[in-house]
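Right, one structure below, let's go through it.
Here the chain labels run A, B and C in written order, and each chain numbers its own residues starting at 1.
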Amino acid sequence: MTTAILSGLRVGFAHAMRRSTLTIGLTVLAVFVLAAIFAPLLTPGPPDVLDIGRRMRPPSSDHWMGTDEFGRDVYTRLVYGGRLSLGIGAMTAFFSAIFGVTLGLLAGFFPVLDRTLSRVIDAMMAFPDILLAIALVAALNPSVANVVLALTVVYTPRIARTVRASTLVIRELPYVEAARALGVSSGRILRVHVLRNLVSPIIVQGTFVFAYAMLAEASLSFLGVGASPERPSWGTMISAARSYYRQADWLALYPGLAIMIAVLSLQMVGDALRDVLDPKLRRSV
Amino acid sequence: MIGFLAHRLGDMLAILIVVAVMVFVVVRVLPGDPATILVGDNASPEAAALMRETLGLDEPIPVQFLIWARNLLRGDLGQSIFLGEPVLTVLAQRAEPTLFLTLMAVMISVLIALPAGIVAAVFRNTVIDRAVLAFAMMIASVPSFWLGLIFISTFAVAHPWFPVSGYGAPGASLAERLHCLVLPALVLGLIKSALITRFTRSSMLDVLHEDFILTCRAKGLGEWAVIMKHALRSAFIPILTIIGLGLALLLGGAIVTETVFALPGVGNLVVSAVLRRDYPVIQGALLVIASVYVIVNVAIDLLYALVDPRVRLR
Amino acid sequence: MSMRTKFLRLALLGSVVASLGLDPALAQEPKRGGTITVATVGEPTTLDPMVTTADLVGAITMHVFETLYTFGDGLTIVPLLAESDPIITDGGKTYTIKLRQGVKFHDGSVMTSADVLASFDRWKAVADRGKTAWSYLTSVTAPDAHTIELKLKEPYAPLLALLSLNNNAAAIMPASNQANPMTKYIGTGPYTIKERRPDQFVVLARFPDYTPRSDKPTGYGGRRTAYIDEIRYVPVPDPNTRVEGSLSGQYDYADSLPVAAMPRLQGQKEVTPVLQKNFGYPTISINNKGGLLTNMTLRQALFAAVNNEDMLKAAFGSTEFYTLSGSLYPEGFRFHTKEGIEAFNQNNPAKARELAAKAGYKGEPIRFLTTTQFDHFYKIALVATETWRKAGFNIDLQVVDWGTLLTRRNNPALYEMSTVGAPFLAEPSLTFTAGSERPGWWSSEAKDRVVGAFNAESDPAKRAAMFGQVQKLIYAEVPYIKVGDYNVLRAKSNRLQGVIPSSWSYFWNAWVDK
């Protein structure tokens, strides 16, 4: 009797937690995204106004988060920085999903292609992600588009692998086999049956890629192969702050917190979405 | 079993060939060239051209690839342009800090993650479980270099318990060298522990629902005995997998941390090699790092096959 | 001994020392022995002193390899492996140089004119400066085992400075060890290379059979004594790590520290900040050969807009670390002059717009290369870009890594401007800014005339006077933009004594106080 009550309580607790996780995650994320979009309305001026006479002022009522080594307002740069940091994360997630799904479906559905594609995917996954991205960005020259491209190359195989595995399972499902027996074309089976079943795992994976890509972008900027040190991003801000962390710790503090909170909210959303969209996976990672 | 082995090894070889080609292509499209960097910022373009010739970089790219591939088959990764030593020697010199750092980091992460994951699984869906998961999620959200900077300013500058960076003076004792690795290993270990905690938790949850555990409980074994003795043992192989892959990834992937703490490891070597376009070193290092990952992967597969004969049929 | 007691003692000794005419730094008895650790800005790209112009390589290898001449106090040229000043005849076209006798190489052999001839050949083959010198030389011969004779096409005053530099150096090595790439490091210097572990350290050890000069030390010249047993150079690319390491006593000497660290280094017991005045001058190099800025009026337009003070302040913080000076050589240098500097630091956007219109500029993108690998370059570039954009120029700021910058800079089709640094060299003609064959490629009819005459004059006093015309021309034609002079901050542990501040730090004649 007590066990039943206890487990009932547990389920109720878990349910409530899951919903609040999703709500909190989505709310925080929305605040960050809206702030980035409406940055001009939320800040006193453009992010790149130099004021050499006011270098490295600590936080004050004029400059909520102080000024940096060029006398630029840290708060303004932080708000604008979200554009690049969130933008690169979102674009990477989007493109990785598109290419990953395409490659994964092709490999999973056409055994002829599977051997070659799987080798390439495995080979790409053998490189630590940051390492591959560094080499690619250095090769392609630092720019926003090239950072997105490099990170897409890094994360596409990860999504492709998931999609391929799911496709292999789905195409053996009885109703898919039935459809094939009825003479439905491969393209239609892919679109109608396989893709539909893949939507939830892709959304979940995409959310995590979004989060990891933000961290990776920050690392790239930190190593000096980021998009552009001229345009504010949270990673660039921390990287520049490194020289001053003794006399101006706020320079690294706020962008660091921004990355952490944004990535955390994305992970919360991803986690909760997985539970909601795919009850089968509820107990796994 | 032999057929399976041959199949997996064939796979491995194919992947390694793809890796080698990718490495060469990526490295050679890098703009900038080592000759210009070597002759310095005050030199003329002619001096750079001459140096390119000396280094054999004036050959057409396909020819250079063939030369590189031929030497590769002989086990020769080439000669570093800047360091004047064979790439293998250079890599071997950098192996120690990376190896020790990786081992320490994995040890730390396992020490944190195993207990945390087990406790979370046992008390699933309670406040304890949620707290563990929340903490893991938070740790996974922190940029590693930021955590590194915070650790340095707290434990090396404000409280000078550990060196700020580096790997000791020339001729430093093993203890001194390991002392240098504590902070970076803590950073890596903490961040790595997030994934292992979650994985341990879910593996344990899977196992705790299986019939033989119910049987054990029915036999009247104490709950902790069941968990520690039986459940953990069954959950251990998947956990080991994730630890093994983590190990393989860290061996080449501690780049950011090695940079923050100025450790003369493999990751740092790759970054500086990219910045000075030391082609043979970038190619060699990338190849070795990727190969380690591929080999560990295959080793894990084989391990599975040994433990679970059904795998071989797949 | 703490700084304070040392000062007291020096103060007491001061009058005595002054009356004896001794260098106060030598008032204390040097000791033999000990090891020092020197934190450098990075890994030397090579230890061959000939192949690169990198300062870091020169600063390390000058302990190992020596040249015929070197720079004394006030950047005068003094003999090192040469016995004495050259005998110049034939209207400046023949140099006869006597070599010192009995100078030993690290392999035990004794230097003769054959080694010098072989080294000159190698210098010509692998070094840019060697090629420059050889474009004036017609022959180098050895009348006997201890004399060499250089013959020139036409008088060329910068020759001795070329022979004195420590980077791209005309270093003398045994005729039997001239391989390229270099495999064994054999020179005549007070130190030998004991071990190199890339990205970890380069260890130099005292050469016991070093043959010193007998004249008193002056600059890099004169008597060199290796008191310290071992010098360990460790590459520490991160400037903050160099600061922390100096404070914690890990390094005895640390190069190029962020100026922001100054207050932390002051008032410490174990470490002293060392400010090297007038270390060098960052410049915005302009491509005179290809692209938009071949148009001189447009160069003048850009030049009119710049605000040097803002650039310097952003890059170096306070005036303690920079000097807002338009003179190409700071005060105290032979070539210091104020000729033409009224055009420096105009900060005049209106004039810039006017000139730009006159030049026919219609907002075409101006490509500006810089790198974050050298923090002050990036800061200068960012401030300059902002200033120019406000004045209506369309600046395409390209932030790349140093390697890419160096490579792109060699191709006149790829850029308009780039940030580079320059040390104050004893010879103005040797800086990249003056050469028409180096990136920048400044060449004009007026330049050929003015710089040509300057290079042909061999009387140092006349040359100093003539340099005013060169500087004036540079401000008129704007082949590059000088940003200002800067000082470099270094840290020295208090146990390390007798280091004479200089552009390239050297540790012979220095000792460790235990």
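Here is the rule we go by: a residue touches a chain if its C-beta (ideal position, glycine included) is under 8 Å from a C-beta of that chain, and two chains touch if they have at least 3 such contacts.
Here the structure is a predicted model, which means the values were calculated and not measured.
Undergrad: Please flag the chain sitting at the greatest distance from chain C, going by CA centroids.
TA: A
Undergrad: Can you check which chain pair, A-C or B-C, has more C-beta pairs in contact?
TA: B-C
Undergrad: When you take the mean of every protein CA atom shown, which chain's own CA mean is nearest to it?
TA: B
Undergrad: Averaging over Cα atoms per chain, report the distance between chain A and chain B in Å.
TA: That pair's centroid distance is 21 Å.
Undergrad: Can you compute the centre-to-centre distance for chain A and chain C, using the mean CA position of each chain? Integer Å is fine.
TA: Centre separation, chain A to chain C: 47 Å.
Undergrad: Let me have the rounded angstrom distance from the C-alpha centre of chain B over to the C-alpha centre of chain C, please.
TA: Centre-to-centre distance between chain B and chain C: 41 Å.
Undergrad: If I count partner chains per residue in chain A, which residues reach a count of at least 2?
TA: Chain A, residues with two or more chain partners: 138, 141, 242, 245-246.
Undergrad: If you look at chain B, which of its residues touch at least two other chains?
TA: Residues 31, 157, 275 of chain B each touch two or more of the other chains.
Undergrad: Check each residue of chain C and list the ones that touch at least two other chains.
TA: If we look for residues of chain C contacting two or more partner chains, we find 238, 373, 400-401, 404.
Undergrad: What does chain B use to touch chain C in their complex?
TA: 31-34, 36-48, 50-51, 54, 80, 82-85, 90, 93-94, 156-157, 160, 163-167, 169-170, 262, 264, 268-269, 272, 275-277
Undergrad: With touch defined as at the start, can you tell me which chain A residues reach chain C in the complex?
TA: For this pair, the touching residues of chain A are 48, 50, 52, 55, 69-70, 138, 141-142, 224-225, 228-230, 242-247.
Undergrad: Which residues of chain C touch chain B once you look at their complex with the stated criterion?
TA: 37, 43, 45-47, 51-54, 57, 126-128, 131, 167-168, 180-181, 183, 195-201, 203, 232, 234, 236-238, 241, 244-245, 248, 250, 373, 400-408, 410-411, 420-421, 431-432, 435, 437-439
Undergrad: Along chain A, where are the residues that touch chain B in the complex?
TA: 10-11, 13-14, 17, 119-120, 122-132, 134-136, 138-141, 211, 215, 218-219, 222-223, 235, 238, 242, 245-246, 249, 252, 256, 259-261, 263-264, 267-268, 271, 283-285
Undergrad: Name, in rising order, each residue of chain C that touches chain A in their complex.
TA: That would be residues 238-240, 258, 260-261, 264, 310, 313-314, 317, 372-373, 375, 378-379, 382-383, 385-386, 397-401, 404 of chain C.
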